[in-house]
Amino acid sequence: MSVLLSLIKRELSVVMRSQSEFIYPLAFFVMVTTMFPLAVTPEPIQLAFIAPGVIWVAALLSLLLSLHAFYQADFDDGSLEQLLLSGVSGYSIVAAKAIANWVVTGLPLVLIAPVIGVLLNLSAEANWVAMLALLLGTPSLCFIGAIGMSLTLGLRNGGVLLTLLVLPLFIPVLIFGASTVEAASVGRPFVGQLAVLGAALILSGVFAPYAAAAAMRISID
Amino acid sequence: MWTWFYQLASPKWFYEISRKLLPWFGGISLLLFLVGLTLGLLFSPADYQQGNTVRIMYIHVPSAYMSMMVYVIMALAGAIGLIWRIKMAHVVSVSCASIGAMFTALALLTGAIWGRPTWGTYWVWDARLTSELILLFLYLGFMALHSAFDDKKSADKAAAVLALVGLVNIPIIHFSVEWWNTLHQGATLSKFEKPSMETSMLIPLLTMIFAFKFYFLTALMHKVRAEILLREKQAKWVKALLSVGERSPKDQDITTDSQILESK
Amino acid sequence: MAVTSAEYNRNNRLEIHNLTVSRSELPIFEPVNLTLTAGQSVQIRGANGAGKTTLLRAICGLCNSHEGEVNWNQHSIFDKSSRFYQDMLYLGHALGLKPKLTAEQNLNFYRELRFQPNAELVVNALEQLGIGAYHDEYVARMSAGQKRRVALSRIISEPVPLWILDEPMVALDIHGQAWLENACNIHLENGGILLITSHQPISGINGLTELTLS
């Protein structure tokens, strides 16, 4: 456990030094969501209708962009192999990275989502639910994204390939996440969807690091 | 029995035995296709609602079925390659990918063609078609990942990990899409359900399914053979095999003849 | 001068059986067979591109396409009970240092993964390599040579019996090289094991045998 904590501490201290890594995904999230009223319609009723989906797709894409920062640098400068060579389990390494990724990118997204919700005319009740849904869903995305990132670490055009690999895996979280917010916005029950998000979090948190660790060892070659 | 198992892992053995099996598998699949298509197109009843368009089912259903079965085979073969480090397992896994992708594309295409006269539109976000589309992305991702690596061994292993992750996710994705689809039932249709199966429809359908299975095995063997030659190109037996084609006895005679002429 | 007064287990044994690595289906070098016990060292020699780095990485267990076995104390290195990863240090071309952390932060982090924290030892290690003044300098601001020396400091801050060093002499001046050779000698006297590659001939290490890759 202490190994995990010290790994997380290291991840955070490295990433926090470059504030741009912290800001970019957040800025991306805000800008992308802003595109929709401009591209679709500023009509409040219709905005509220598309808001759940827009928020989720934008959050998903922002997290996808943020993955790079936590994995690629360690791979490139040799830190990743040194970590693997010091007997630390691949599982812990991945878990630490995914958790740090969430703290630095996911959590701010959750906190800023209500602002976007207001911009997109989401009701107050739905706004709260959106925060809750994102709170449960964004960590899953970090864990699942870790798999794709670990597979593409050593590749030249890894970034584009990462998107292709990871988006299908994101779909369940996307469907249930958006549906949670949508149900809340029309006053329908949403607890079931939240439960599914919770289950997805547990499953991905427990199992994804195994797959990602195996992928890391393959990429290290 | 174990000897057979070890033999299976030998590329050379597989290459030789597949040479003998190929014509049989190819012939059987061709026969099954002919029988199945004849029965399906000519001798089975039209649907009381959809008329003759229902006959697309004889291609659509086997394609969709095979697209999923091939993915499972691809993932399991990859797992065997990872766990027991058997190279042939990886060869089979990688060879499955493009065939499976093709089945998926065919299922999507026939689904769209079926859709046009039935609902007036080429595409609907029906649960099954959507799941099939996502399956196509999974296949494409597998193929893209494998080809992105320079080293074949790493490529095989990484693709195998991806296939397994995909395998675990497919039921989850399917469940999510089904659930999502029930929410938005308005647009979709029960007409896409398989028509209730009378024997006269069931027999051609089963025939076509087997035809597709034998086609898959034939195509797989072709690809595996090509992949074996590519991977084992440094092996003596491959070099011998390829050089036999280069100089046929006829060419040798001509050379000797011209040598004789020159020396005169 | 250097270092550690640690005595290593005299029974330590590294065995390499028929180790070979393939790229694109072709083996890069002839199968390597090697056994090293406490106090022994070997320099891997070979032309550029012969696979020296790949061999060292394969010994560390980093390669996907290796054939053959590497055993540490009678167990495969991949077996937890061999404690291989507790007992070894690999320094390769990629230094494994985070540019945005200071030298001592980097070293302390690595130290704490396997040993009790010891900040003084870390600073001492940097001093021995002549960069004690830079202990709180960000690695990003250092020259290439200084960075290499920070990485090398780990042989002091993390005393382990098995050293696998890939071109450690690069970017070291004459004094640095002499220091390293001396450190290696002390390491070997204490019962350590050394695998090293270098473009230059190494004269200062006692009992250094050679293995040439083909």
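Should a chain be cited, it is by its letter among A, B and C, assigned in written order, with residues numbered from 1 in that chain.
By definition in this document, a contact is a pair of C-beta atoms (placed from the backbone, for glycine too) under 8 Å apart; a residue touches a chain by one contact, two chains touch by 3 or more.
Since this is a predicted model, take the numbers as computed values, not measurements.
Common neighbours of chain A and chain C under the contact rule above are B.
Chain centroids computed from C-alpha atoms place A closest to the centre of all protein C-alpha atoms shown.
Of the two chain pairs examined here, B-C and A-B, the one linked by more C-beta pairs in contact is A-B. Chain centres here are Cα averages; for chain A and chain B they lie 34 Å apart.
Centres computed as Cα averages put chain B at a distance of 48 Å from chain C. Taken residue by residue, chain B touches two or more other chains at 151, 154, 157, whereas all remaining positions touch fewer. Residue positions of chain A touching 2 or more other chains: 218, 221.
The set of chain C residues that touch two or more partner chains comprises 64-65.
Interface residues of chain A, counted against chain C in their complex, comprise 3, 6, 10, 13-14, 17-18, 73, 76-79, 81-88, 217-218, 220-221. For chain C in complex with chain B, the residues that touch the partner chain are 22-26, 64-65. Against chain B, in their complex, chain A makes its touches with residues 147, 151-152, 154-158, 161, 164-165, 167-169, 171-172, 175-176, 179, 207, 211, 214-215, 218-219, 221. Interface residues of chain B facing chain A in the complex, by the touch rule stated above, are 134, 137-138, 140-141, 144-145, 148-149, 151, 154, 157-158, 161-162, 164-166, 168-169, 172-173, 175-177, 179-180, 183.
Interface residues of chain B facing chain C in the complex, by the touch rule stated above, are 150-154, 157, 231-234.
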